[in-house]
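Once you scroll down, you'll see the structures, which are given as structure tokens.
Both of the next two complexes hold subunit A, though its partner changes from subunit B to subunit C.
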Partner chain A sequence: MSVVTLVARDELRMMVRNRVAMIGLALLMLLTLTAVLSAWMYQRGVSELRARHAHAAESTFDAQPDRHPHRMVHYGSFIFRPLGPLAAFDPGVDAFTGSSMFLEGHRQNTANFGDVRQSSPLIRFGQLTPAFILQAVAPLLLVFLGYGSLARETERGTLRMLILQGVARGKIVTGKLLALGLVALIAGMPAMIGLAAIAVRQDTPALPVLTIAAGYAAYLALWAVLIVLISAWVRRSRDALLVLVAIWAVSTILLPRAAAGLADAEIPLANRLQTDVAIGRDLRAIGDSHNPDDPHFAAFKRSVLDRYGVSRIEDLPINYKGVVALEGERLTSSLFDHYAAKSFAAQARQNAMVDLAGLLSPAIALRAMSMAAAGTDLDGHRRFLEQAEAYRYALVQRLNSMQAQDVSYLDDMATDPGADRRKRVSAANWQEIPDFRFAAPDGATLTAAALPSLIMVLAWLAVALAMLALVTRKLGLRR
Partner chain B sequence: MPNIDPILISDLTLDYGGGDLVLDGLSLAVPAGSITALLGGNGAGKSTTLAALLGFARPRSGAITVCGIDPVMDPDLARRRMAYLPENVALYEHLTAMENAEYLLALSGERVPVAGIEDALAAAALQKRAWHQRLGGFSKGMRQKVAIAVALLREVPVLLLDEPTSGLDPRATADFNQLLIEVRARGAAVLMVTHDLLSAADIADRIAFLEAGRVAYEVAASGAERFDVRGLHARFQLTAERLAA
Partner chain C sequence: MNLWAHEFRLLMRQRLPMAALALLTILTVASLALGIAEVSRQRDAISAIPAAQSQDIAAVADYIDSTKDAGSAAYYSYHPTWDSPSPLAFAALGMRDVSPYILRVRALGLEAQIYDGDTFNPELALTGHLDFAFVLVFLAPLFVIALFHDIVSGEREAGRQRMLEALPHGGTALWQRRGALRLILLWAGLALPFVVAAGLEGVSVGPILAIGALIAAYLLFWVGLAALVSRFRRSSVANAAILAAAWLLLVLVLPTLANVAINATVPVHQGAEIALAHREEVNRAWDIPREDTMRRFYAHHPEWSGSAPLGPDFHYKWYLAFHQNGDESVAPQVHAYRAGLESREAAARTVGILLPSVGAQMLLTQMANTDLSAQLRYQDRIRAFHKRLRTFYYGYLFNDLPFGRKDFDRVPEFDSRT
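For the complex of A and B:
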């Protein structure tokens, strides 16, 4: 048996004989299994619920009777963001961003019904997901199992005893690292098995799954290196524990929250009320289609009449009210898009700021990697919002086109008792409108988004290894 | 290859960075198959001499070799030629006496069968019932015996001892001295730092007195003639008083 293996075996033997360590490890594995199962069941439940509601909303829309198309514009439709399969591993921002959206004309609504808004504040601390356990709980367990790996030997004098047997310092450190690495592997195994099960059962693209596995493996390896590094650097076990717990608290709890808070303070986002007021102000500036003296709509009317070579609205071959609705929706939508783009840009700057904090905390880098690969980050939410808006715009404009094409201007303006019936179009039209289908990103897109953060985690690992190599050279020498 | 002494120190100077020399021109040779006792007052440089031989202290000048290997240049290789028994033995409390011996011997590359370890523990006078007990409840003397067994089992050409009998009762001390004589007979060079002049005079072939980092006085037993303990004691006292002044 090699010296490295002997040292690793002894370290593991010490952990096995330490009942507290074994109980801690068993509890972590139990917690992870519980998290995997509950997250998977929750994800399945939520997916089914959203699919059921989406189907119900589609059926209700399709079942509408003959109606005036503009009434359907205001009737609107609900859509639901489907949960990706990897959301069971890392739900990311899903609980915070809302999952359903009401689509209607003249308005661009935000997503509603985020779990956090309907739950106790406890959920904000951290949901019991496999990702959270690997990000926050597993490193803490590794700290408690490994803080004394070398500091204890230094403190008790056994390190010198090892060196006196002619064992190179590098081999002692490698043995300790191997032991803690094995513990990290055992600690991470249930979550990885859960990830694999989710991937296989739900036919998930392999690339993001492998990226997540590599990222978490690198993260836990980083903690193992960091723990051995601090344990080699300080001379007393108690000091090693204090330093490591402080590093854990700052990097996994304090910095992620501080970075988000700082980004929010530095790059403030307009709230819903501010945005609505600003949009209302801009809408008034664009013009009022009901005001005959409005310069924009007066010019628009002239251009439509010129295009068809007529002088009166009544002579147009299409319903001018529908044409105005099309133009109005185009204008309001471009305004909504403008504000949405501004909001997305601010969020992107906030995200970039938080991502930069990954240089100070590997936990931040890992979270970014994990959510990006799982498709549950803000980009994933933005993808949903953009597709929802594209669908909303197409739906509303299709209904506006129906009004312009299928309802005559005279009928539309008529107020006689039979006019209401003449304004309606066939219910068959609603069924022809395609339902909203969220186009999930492919594996390569998710992996590419996760790559920068993965590289940051790997860079952390490389730096920690280099520092460990430096500290190893001084191990056991008098300071 | 010339037949050099397993422990050879020549004109060694060493300081711990403060400028004051802890070793100041120390020269010492311990031939194979001999026991040298190193005596001296506190701060004379005894433990530093051992630290230099073990490669834990870097000399400023001079030469030091263990079986021809410079412990400064290649400490791991030099340590494979040495066994060291410190005054305060550090062993693993989560392991039994047997497991401690097995682990440390395996690390040093020695392949010793279980029966061999049991023989060594018995030779070190550790009670049989303690062999398979964890060291958590061991006394200092019992730990010392485990360390003695490990040191003896390594069968290396150099044995360094730092106050080896400080935790042992008189009977165990006598047993240990007997073991040392066997080690010497095997051809090992033994360097023993001690304050126990009587014990040193009993088994050592040579006694060196250290004073201010150098050998101030060295005396060898010749044949059946042992040391003049009374004279040595007077000399030792004088050295201690001079250092204290």
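For the complex of A and C:
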């Protein structure tokens, strides 16, 4: 048996004898299983609920009676953000964003009814998911199991004896690392089984699953290396434990919040009131459709009349009110897009600032990697909002075109008792309008988004290994 | 007194406790600074409302003044409401990041407006705040562990325990003296910066004293736990490991488990169902006889039933009436939804009795007026204001009074205190 395996076996035997540590490991595995199941059930439950709501909203839309198309513009459409399969591993921001949205003409509503405002306030302590366990809890358990691996031997003088007997320092350290690595593998196993169970589902893209598995494996390996490194560096096992717990608390608990707090303070976001008022102001600067003398709409009217070669709107072959509605929606939507892009750019800058803090804390880099690969980060929510806006615009313009084509101008202006009936178009039109379908990003897109953070985690691992190699050379030399 | 001064001198010479105390004080100051900065940003946003609002309303008034139509005034005017941060909000920012503290409403159906949110970055919200509550609830216990895990075992490992116990005023009295000194210093590291910040923010004496006591009580819990663990006469390193594991359980793991349990056992009907039902009810009005809508409205609001019957033309009083009918039709669901949210919060309070971490966090957000109850009270104020708005516009619409530029000055204004 090689020296490395001997050292590793000896270390593992020490751990197994430590009853508290074994109970801790067993509890962690139990907790992970609970997390896997509860996150899985949550994802299933939420998906089904949203699908049911979406279906109900779609059938009521299709079941609307004959209506004036503009009524349907205001009846609008209710859509729900579906939850991707990988959210069962890392739900990311899902609970912190609204999941349903009301789409109507002239207005861009917010996504509402996020879980954070509906569940118990304990949600702010964190959510029990496999990702949370692996990011926060598992490293601390590894610390408890491994802080003494080398410090203990230094403290008792056994390390010196080993070295004096001619055992290579590298082999001792490799053996200890092997033992702790094995424990890390066991600790990560239940979560990985959960991930595998998600991966076999048909709608799960393969590449992001592999990215997530690689990222978490690298992260746990990093902790194993870090623990052995500190244990080799520090002379007393108590100091090793305190230093490691401090590193853990700073990197997983303190720095993420500090980075978020600074990003929030550094890069302000315009609130909704200011944005709405600004959109109103910009719109008035372009033109006021209420004002008959407004230059923009006067020019627009002229251009429409010229296009059809007539001099009065009554002579147009189409309904001028519908044409104005089309133009008005085009203007407001371009402003919505402009301001939404600005807000998203500011939020992206905030997140870039937090990502930069990944240089100080591997936990930040890992979290970003995990959410990006699972499609549950801010970009995932942005994809939903942008597709929702595109759908809203297409829906409203389709209804406005219906008003322009299928409702005559004279009917539209009429107020006689029968006019209401003549303004309506057939209910069959509503069923022809396609329902909102969220186009989920493909695996390559998700993986590409996760790649920078994954590289950062790997770079952390490389640096830690290099430092361990350095420390190994001087192992046992200090008094 | 002499002995205390001596202990203090001894402590001053130790690197780990002094470094820990300094770090805790720095973190406390940083969290207070971030909290004050956030609250002052919120105050700035609220004080920027009138300028933006007057610009917006002026444009509406320009348009309405030509038609004198009160219905268009009601339709096009957005009215701001806001929830000013309490003086103590800087210490526990609570839900103020994910719930709006500024919301504009129109005199139309409120149930389609009151659940709207404001713009926020969900990734930052997911991470959580670095506020004073976080430093106290999450971080302070770790400092207790660093300072208390080896009070007795450290002396034992240094071979001094028997000698110290044999000394006059030694033994238990000595451990108590050392413990009390460390506890006082930890308390001071948290409480003194807090008192300064609270003074700057104009918090009154009562809450300051209460939070001073809360800090002491929470620290005492962890000190008690450390004392309990040290009774087993394990090594310093074993004590530290056991205490850190207890921290992991009490602060990170059990609250997340409790959250899963509460959400499973206290079901809340999704708010989205209110929104869907409300929309159906409101839009149905276009397909039923207008008189049905008015009859139903007048049945609930006889004070307006003397209004002239509807003519053939569109009239905004009918439009606003069916919006109000819509609100009233979903009232039972709204009530159930709110009751569900409240019972989830109540369940979390029960958990707070068992878990000091949860209890401290909830007490702080409750005192700071940043918890769910505070959000619901803000919604109550919005509802009361919305009622005044309706009554105001109905006065013009149901009496067919013209609505001119001057009438915009008579529109009710939100009072953030009622």
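FYI, the second predicted complex is superposed on the first by the 474 of 479 C-alpha atoms of A that agree within 3 Å, B and C clash if a C-alpha of one lies under 4 Å from a C-alpha of the other, contacts with A are read in each partner's own complex, and residues count from 1 in each chain.
Basically, a contact is a pair of C-beta atoms (placed from the backbone, for glycine too) under 8 Å apart; a residue touches a chain by one contact, two chains touch by 3 or more.
Bear in mind the structure is a predicted one, so any value in this text is a computation, not a measurement.
With the two structures aligned on subunit A, subunit B fits next to subunit C without clashing. When the two complexes are overlaid on their common chain A, residue A:V277 makes contact with subunit C while staying clear of subunit B.
Of the two partner chains placed by superposition, only subunit B is touched by A:R17; subunit C is not. Residue contacts after overlaying the shared chain place A:P82 against neither subunit B nor subunit C. After overlaying the two complexes on the shared chain, residue contacts for A:M161 are found with subunit B alone; subunit C is out of touch.
Comparing subunit B with subunit C, the partner in contact with more residues of subunit A is C. Shared-chain residue A:V3: touches subunit B; no touch with subunit C.
Think of it this way: put the two complexes on top of each other by chain A, and the tightest Cα contact between subunit B and subunit C is 13 Å.
The part of subunit A that touches subunit B in the complex is made up of residues 1, 3, 6-7, 10, 13-14, 17-18, 156-158, 160-168, 476-478. On subunit A, the positions that touch subunit C within their shared complex are 20, 24, 31, 34, 38, 49, 53, 56-57, 60, 64-65, 67, 71, 74-76, 78, 80, 92-93, 95-100, 102, 109-114, 116-128, 132, 136-137, 140, 144, 147-148, 237-238, 241-242, 245-246, 249, 253-254, 256-265, 268-277, 280-281, 284, 288, 290-291, 343, 347, 350-351, 354, 371, 377-378, 381, 415-417.
Interface residues of subunit B facing subunit A in the complex, by the touch rule stated above, are 16, 54, 56, 76-77, 79-80, 82, 84, 86, 88, 90-95, 103-104, 106-109. On the subunit C side of its complex with subunit A, the touching residues are 16, 27, 30, 34, 37-38, 41, 45, 48-49, 52-53, 55-56, 59, 63, 78, 80, 94-95, 98-100, 102, 104, 112, 115-130, 134, 138-139, 142, 145-146, 150, 235-238, 240-242, 244-245, 248, 251-253, 255-260, 262-263, 266, 268, 270-273, 275-276, 279-280, 283, 286-287, 312-313, 341, 344-345, 347-348, 351, 357-358, 361-362, 365, 371-372, 375.
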